[in-house]
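Dumping the structure here so I can ask a few things about it.
Labels run A, B, C and D following the written order; every chain starts at residue 1.
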Amino acid sequence: MSLTPDQQAEIEASRANPQETLRATVAGMENHLYTAKPVLDHGFVRVIDYMGDDSAIVQAARVSYGRGTKAVQSDAGLIRYLMRHWHSTPFEMCEIKLHVKLPVFVARQWIRHRTANVNEYSARYSILDREFYIPAPEHLAAQSKVNNQGRGATLEGEEAARVLDILRDDSNRAYDHYESMLSQDGQDGLARELARMNLPANIYTQWYWKVDLHNLFHFLRLRADAHAQYEIRVYAETICDIVRDWVPAAYSAFEDYRLNSVQFSGKALDVIRRRLAGETVTQEDSGMSKGEWREFEASLE
Amino acid sequence: MSLTPDQQAEIEASRANPQETLRATVAGMENHLYTAKPVLDHGFVRVIDYMGDDSAIVQAARVSYGRGTKAVQSDAGLIRYLMRHWHSTPFEMCEIKLHVKLPVFVARQWIRHRTANVNEYSARYSILDREFYIPAPEHLAAQSKVNNQGRGATLEGEEAARVLDILRDDSNRAYDHYESMLSQDGQDGLARELARMNLPANIYTQWYWKVDLHNLFHFLRLRADAHAQYEIRVYAETICDIVRDWVPAAYSAFEDYRLNSVQFSGKALDVIRRRLAGETVTQEDSGMSKGEWREFEASLE
Amino acid sequence: MSLTPDQQAEIEASRANPQETLRATVAGMENHLYTAKPVLDHGFVRVIDYMGDDSAIVQAARVSYGRGTKAVQSDAGLIRYLMRHWHSTPFEMCEIKLHVKLPVFVARQWIRHRTANVNEYSARYSILDREFYIPAPEHLAAQSKVNNQGRGATLEGEEAARVLDILRDDSNRAYDHYESMLSQDGQDGLARELARMNLPANIYTQWYWKVDLHNLFHFLRLRADAHAQYEIRVYAETICDIVRDWVPAAYSAFEDYRLNSVQFSGKALDVIRRRLAGETVTQEDSGMSKGEWREFEASLE
Amino acid sequence: MSLTPDQQAEIEASRANPQETLRATVAGMENHLYTAKPVLDHGFVRVIDYMGDDSAIVQAARVSYGRGTKAVQSDAGLIRYLMRHWHSTPFEMCEIKLHVKLPVFVARQWIRHRTANVNEYSARYSILDREFYIPAPEHLAAQSKVNNQGRGATLEGEEAARVLDILRDDSNRAYDHYESMLSQDGQDGLARELARMNLPANIYTQWYWKVDLHNLFHFLRLRADAHAQYEIRVYAETICDIVRDWVPAAYSAFEDYRLNSVQFSGKALDVIRRRLAGETVTQEDSGMSKGEWREFEASLE
């Protein structure tokens, strides 16, 4: 990860000068504020701001459900209840703003989550830095044999070396050419909005990304999942660590009811009931396809 | 406006205990926090939380446009530029959370703004209070003669008195019946989710409403407008006063480029050009319909 | 249900004149088009337009996943795969537009689903009809003893009669007063935007509602659920019948993976694994709260 | 543009077999259906489906405003009224689905419009084709001297040739390396989700894009604007031609009230009023900044 001296100075200035506030504050988040958590070779995640805490979720739920909720349940219990029953609106009452530096091909997946606010660095307006994602050798993986959309074993030896050479050389050549096309030294210089088209998808971009907690959990469920591409999963995991410090009760409910949960179809539920009643059930008499059965069996291991 | 002693105590507790934070804070907003601004006869607006300030808008814009923006323009100048050119994403980087108490018929208009987070008091779950909006005599207006969707002159004398009596009596009777249907005294008691259907649209409800600054400006442009219904306009105006203290530079740009602005069609622009060139232009040779011409002329007065 | 003669004539005209189209058409939906399915005492659901069919979902998925998908899987199998793995975007490629007449208190729940397009009848602009929802005797239920947000047994005898009298009388009186306040006979007449506030929440309103299939499924999962209020559930069930005729493969996958499915938390999954391995597990050693355990046990029955 | 023989055959099959429908149909759109409009060197726009027509907008508005609207205004007049007064919901009642092939750097701008449904070709799952955008010589422009975010004069002679050579060579080399890294000939073959990171932003991708008319107009206003980057503007212009055939009255209102309109701030409006009253006003006594004044003067030319 590479913060410029300017960015480092800005972080220090921001952290030097606490103010008094009457808003909800979370000690764990104050520690995270502005500092950059490294991700991949040049990326990072920085907390820029946050709104609300576990109590803000409870408070919003109590606007909806009235005083009754006050007596019966502890805050953590109420939060678990809300999560279990898909009462999503109280979680929307918390908001977080992150500064993220990430490769363009990761950004392209990430942006598909539409319910968020984004300000991305504009390569029409400004010149991108020479920073490219080059996978660490242990993350250089072969195409999966069984999953069109996944990775298999780690590449080894000469093949790995060849791939890394290609990625490094092509990135650097593309950037050299980007600079030479932009240059106004003895020539007019190509427009930035055109020159950028020569840059490969492993170049780093950055953005501010602001999202409410409900939509963030949805993002994390999909992107911290074992099936997500490694390069976005490490961002999701970094954010998970932050969220755990921000709203510990909500995060714990999210882990149990989302990250570690399984959704069983009507057919799968029927198999479980029959098995619990002592019956032996096979794929053939389950009503499930082979693929579905395989996934079902895996979820019970 | 009527805060319960519980609510009043909660506000005082929230205001008693400032914490240190490294986040952006705004002195004007700290003053507003938690206190209830009265609106209509029983309504209010309370700031529960806020994220960001004018600098947060500028900071997000600079992520997009890079260092270049730093030298050229003051913060207020950059904010005006962003507003003028409909660069809306930096304004989305600020967020506000309000607690609002409002009549149901106002809530029904308000909720049409979909890009916001809402937790409303649930009359399925809890029992509503006996609080109804009864217009002040000076806001009891006749149907407009010219605008199907507007008000004319204030009602006077006996007619006004009759209307107020109806509104008061019907509200109270409806609430009495609501209570008697709910009562479990010597009977089973009707389900809350059914009993509520007897309550008229001037009963008060309440919600937490959280929205980003860009979408809030859109709400305020439509609802603080002279054509908005008075009963929602007073909420919008109360929020305008809060936003002015929160993000003064953005609010000032919003006033100039949105609230006080006029959008001229191609045809209207053509008339202005011809008039500035000394030509006399009438509706007949403007290409505009009579209605459009009337609105155009009004916008120039 | 009461369609005006005008509406009836409009439906007949719309159905009289088929046109040729190259778009995807579905015979089952052509039969539904424009005709009103009655719901509750005066409500209805009418299909106004639809876009796409089961094949449109598959076609969109194949843009994403390329030719590979073509060989391996039948359309229905691919649709089941997409539903199982929460690949929601192909389902967004189908769209439906409905005309719905519904009580205001149902509309207030319904509108909380934000990802839809809505045009509601405006009581600021126009005068509402004298149509109120009065529950059929078998749907007049007591407050649930166990669930703050639900119904218990049906009300009987005198109590039921009293409630129905109240609902009928208050509705009619409120409407009489609405009319008398609006009247311009010998008086100015109150503005429509004010007079409407006297009308109770069981008055009928109507709207056009347009939504994509993914978001419609989300609506149906929540509103066709046994915990949804009866008065919105009957709308959801009517729409389920329509969707079954529109996209049979997608609807069948939705039934299995959503309507009839159960989400097990990490803790619940652990209990199932232990039980399948022959262990006896009780609430005490499950890590679940009593409430959660009760719901878990119920889901296995 | 290059459609594969498969795609061409699919288009012909789709166009060969008209069906009867009771839905709104538009002759102009039936002609467009499925056929590919070429854009840039390999891109296209194809209409896959549409919902509604000008009458559907009017019909939805009449649900809102009741019978009153029927007598007073012609359909086109009502549509102009709705557009002028920002009544956006009736326009949301029309929907269009497009198949678009476009360079990745254009897709990255396009996707920022969040209120749409998208299914993009997945380079995690499938292998991209060797198709890159290489600007035509007349669109190879220098960086603007006055606008950080724009283009100046066309590049000429040797500089132009050098740029085109770079773009062509780098694209081809990147693709050769992409193929060689993927190859499983004598090696394991890199995972697709990794190999794609070597491809530059001028490679073509494709997606299905579905959007309602209101949000499409918003897209077109920004992207058919003279300040939009040429490479996205040509897509917007192609779509404008399609929309003109689809909803001619709405498109005409959009042209007058959006595309050809100008928004004047409170300050600008004041200057116009003073000038129309015969006063000479300069930037110094306008209250506007120099930049703003320049834009204001330009809008009156």
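Note that in this section a contact is a pair of C-beta atoms (placed from the backbone, for glycine too) under 8 Å apart; a residue touches a chain by one contact, two chains touch by 3 or more.
Keep in mind that what you see is a predicted model, and the values were worked out from it rather than measured.
Common neighbours of chain A and chain B (chains touching each): C, D. The chain pair with the larger count of C-beta pairs in contact, out of A-C and A-D, is A-D.
A separation of 29 Å divides the Cα centre of chain A from that of chain D.
If you average the Cα atoms of chain C and of chain D, the two centres end up 34 Å apart.
Centre-to-centre separation between chain A and chain C, using Cα means, comes to 33 Å. In chain D, the residues that reach two or more other chains under the touch definition are 65, 68, 118, 122, 125-126, 148-149. In the complex of the two chains, the chain D residues touching chain A come out as 103-105, 108, 111-112, 114-115, 118, 122, 124-126, 133, 135, 140-144, 148-153, 155, 159, 162-163, 166-167, 170, 173-174, 177, 180-182, 184, 187-194, 196-202, 229.
Interface of chain B with chain D (complex): residues 65, 68, 77, 80-81, 84, 86, 148-149, 222, 255-257, 259-269, 272-273, 275-276, 289, 291-292, 295, 299-300.
Across the interface of their complex, chain A is touched by residues 14-15, 17-25, 30, 33-34, 49-52, 56, 59-61, 63-68, 89-90, 92-93, 95, 97, 99, 117-122, 125-127, 206-208, 210, 212 of chain B.
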